[in-house]
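Common to both upcoming complexes is chain A, partnered first by chain B, then by chain C.
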Partner chain A sequence: MGKGKPFLEVLASAIHEDFRFPFLELFAFLYTLGTFALANFTVGVYSQMATNEAVAYAVTTSLISFSLLIFLILVFKNIAYGLGNELEKGIIQTYFSYPLKRRAILTAKLLSGIGFSLLLFLGIQISAFYILAPDIVLPQFGTIVLTYAASLSYPLFLSAIILLLALKLRRGGIGLVVGFILYIAMSIVSGLVLIVATATKSPLVLQIMSFISPNYALQYHYGGLATVPELSLPWTPTLYEATLYVVGSYVIVAALFILGYTYFSRRLNL
Partner chain B sequence: MKRWATILGRGGTTLIAISLALLLVSLIPQIQMMSSEGSGRLPPGGMQILFYQQNLNPQQELEVAVTADGPLTVYLLEINIELEFSPNTGFVQRFNETDLQQILQENRDLIIWEDTVENGDYKRSYTPTRIMNATAVLYNQLDSESVYVEHDVALKSSLAPGDKVRTIAYFAVPIGVILMIPWLVNMWKERKQSQTPSAIL
Partner chain C sequence: MSLIVAEGLSKRYGSVVAVDNLDLSLDEGSVTGLIGPNGAGKTTTIKMILGLLKPDKGWVKVFGQNPWDNPAIRSMVGVVYEKAFFPAHQKTLEYLQRVCRIFGVPESRAMEVLETVNLQEASDREIRALSAGMLQKFAIAHALVHSPKLIVADEMTANLDPQARSELLEVVLQLHKDEKVAFLLSSHILPELSMVCDSVAIINRGKVWAFGKLTELYEKYAVGIIRISTDSSYALEAEIRKKLSYVKELDSDIRGISVRVVEGKEDDLYEDVLKLAKNVKAKILGIETGSASLQELYRMAVSGKESG
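Now for the complex of A and B:
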């Protein structure tokens, strides 16, 4: 028997656990409703000088906002609660009977918990965007992909932290609570960063924060916050710089996931 | 076989869930943002601007209804009309018959509609697929007679183009139901099997 089949067995089992009826349906419903309900095509048109790229960025951001929260809830459910519970109850040990390395088991769990959720999120979002405005999606596809990449970096960063917490705490309930506290704390920090940057008129804290949430850099690149005089800063990153922040943030996310893999493969005593 | 039935079945239920969300979105009523009515006589070669807006977006629908007692043409153009201020007349639209003729001859790619209204009623709606300028114009050809026109223009706003979303939902629900059937049959068989021993006991 090759390694592919046991991996698919574990993946199928993980998907079955993470998306028991009617969770998949419920989240698909919420993604669809949230995407359409909060789509706002007027956001990009306040400025007469708004470029097509800025309009595509603003519209994409409005489409993503609510669905990202649903995506995070789904990740909390699957990783903090789901994986945490499996570690707590010893269910994860049953997977060790398969001829698979630990990292393959974790990959299957992450593909189910995060990958499948991400697939559902992107599938519904891009289809909805195409239904609403095909003539924005096709010509500005690059901008839209960059906006999705920038917007998803922060939730993936949180997902990686939640994974590390779940592996460390090995408890479903407490992992969920700590995950939510972390999310709220990070939201407060994000708000404070903006206040500090505008109060000091220095973009330094925003530039640092952009390595975790590169959406700030993209927002300032497209002049989204520059239209609000109180939030304007002497910082207009170029597209190249904004893309570098996106790449940098994914390097951090990848490093955190590698840390999770290393911990699960070598340090986690089960 | 059973696994495929489950995968397809869950795909079907997900499709139904998405369709229900789309139907719900399409049921949310439109908000009328603007409406204007008017009537009058349009001389040969005359033009009347019915509507103009910068940044008409995919969540808005423009509805144009015209009743005329003679032939005339309704144009929807992808242009922005600028206003010019004059102390005597106030704001005046900087768009006239010459500008229209120039578009008709040189910039035909700016024409979204070019519909001829023969004696009677005309009604058409438009939802853009991107953010764009839009101007609706009535034009009476030079070689025709004076025409009496009544017009009603409305701009409505909604979450999504209702017809489009509803059509997708109407197609997706039956597909979802068909995909679900083998899964439901399997579940029913399993339940029946699990109930049989207890019924004997």
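Now for the complex of A and C:
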């Protein structure tokens, strides 16, 4: 027996299942549509922006917004439904008969379910930037990277929660339903945050929320999407503070994934 | 050398004790059957042996190592689950070629194992398009890819038709004979196990009721058993129950009746059975003493008799 490539083969098998026809084609189309056709580049809005950084931030969020939803749907499909189903049906048991550590199997599943989806998302986004807004890519590279990091943190946070749910529930269908309920609940909470902050005249809830979705901090740092004089913002973090929220949110995301890995490697009884 | 050694293995699911202080060992080159009624703890035991479940107490070693998250063991063990599941949208041959690359064996091995289980004609079919029986055959082919030294199979023949079952048992015997592959086979189909196994572990309520070489177990548990072969076992059984008060235990199947009588009454039984057979017009094909079958051992275990 020679030396096999169990990790690469399990990864290839996972990608084959997660992105079988027509999923790859459909989601690539939706990403492209969301990025190129639905980006909201309203010239009037940008003309009111105070700084070039704010313009770069606004352009980036416009490009990202619809595609992030597609990314989330794809991750829900791959993790909540895909991994949950594989745990339920016993395909993971089959993977456990290969000479591979449990954590490597989970890594292969996550690289396929989340990593490959992210690669697709970023690939189309980067292409879009060079085509639609080539003038701001290099001068505002830092702002763009920070905006991507801040925007992706929340979907990754939800992905980690979905992963934990899938591992615990081990049911594809239920995992998907619970995932969507969670997403809707979080969206409602996010909507209420600004109301609470304005009513209490305290940025505390916004600050807490920024650890989960640091795009809030960045959004308030850049003064909202437009500098509307009559709009008084409840919170104006500095760039340094906003960056700390981004870092903090990734620490939370990393902790959740580590929890998932620990459970999968040490506790998951099949 | 023992390929599997388990000592004091215990596992609970909430308040239910699935496996209770179980000891087991499986020697190199042996074919051991794991038998017991539903819920006896067979699958839980197999899952602990394969490192899918952590025991609450006790330990298990496979090839001298803890099987939990241990890739080294998996190169030496082939696994067949009761319900086989594989990535559904891949073709059988392509997936087995992938498994060959996983284990580092030549890809030509994929077709060889498909031929071994007589599934070569389905080589171009997606796994999801296989029937339950074909899927089970595919699972066996999958377990053979890396030529393991030990195959652990949980209800391997459960979904197969009689023809496929006998073909598969041939495969087991062939692998055992030619390549000295050891097997741990859990099954409910006792005649099959008695055909291929040289040892059995009979489990009931999470405990090993009896474990050893089949011949030794037959000898040990057959004392006092008289086997009456007849063409009308159920009618004769009813008659014996009614008329012979010295019969302590009675079990029947379609081919005959197993009887245990109080000591000293063995000779009476021969005469009485012949008379009763006449009454119910049953043909006696033979009467043997000291002969047990796996079926009888199983019945003893399930009826809760004390193990020796």
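In this section, the second predicted complex is superposed on the first by the 251 of 270 C-alpha atoms of A that agree within 3 Å, B and C clash if a C-alpha of one lies under 4 Å from a C-alpha of the other, contacts with A are read in each partner's own complex, and residues count from 1 in each chain.
Going forward, a contact is a pair of C-beta atoms (placed from the backbone, for glycine too) under 8 Å apart; a residue touches a chain by one contact, two chains touch by 3 or more.
Keep in mind it's a predicted model, so treat the numbers as computed, not measured.
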Applying the document's definition of touch, where does A:Ser265 land relative to chain B and chain C: first, second, both, or neither? second
Is A:Tyr98 contacted by the first partner chain B, the second partner chain C, both or neither? second
Tell me the contact category for A:Ala12 with respect to chain B and chain C: first, second, both or neither. both
Given the touch rule stated above, what does A:Val55 touch, chain B (first), chain C (second), both, or neither? first
Thinking of the overlay built on chain A, is A:Thr32 touched by chain B (first), by chain C (second), by both, or by neither? first
Name the contact category of A:Asp135: first (chain B only), second (chain C only), both, or neither. first
Doubly contacted chain A residues - partners chain C and chain B: 12
Residues on chain A engaged by chain B in the complex (per definition of touch): 12, 19, 21-22, 24-26, 28-30, 32-33, 36-37, 39-42, 44-45, 55, 124, 128, 131-136
In their complex, what parts of chain C are in touch with chain A? 47, 50-54, 69, 71-72, 74-75, 77-79, 81, 83-90, 95, 98-99, 101-105, 142-143, 146-147
What part of chain A is in contact with chain C in the complex they form? 1-6, 9-10, 12-13, 16-17, 20, 89-91, 93-94, 96-102, 265, 267, 269-270
So in the complex, which bits of chain B are touching chain A? 3, 10, 13-14, 16-18, 20-22, 24-25, 54-55, 57-59, 128-131, 159-161, 164-165, 168
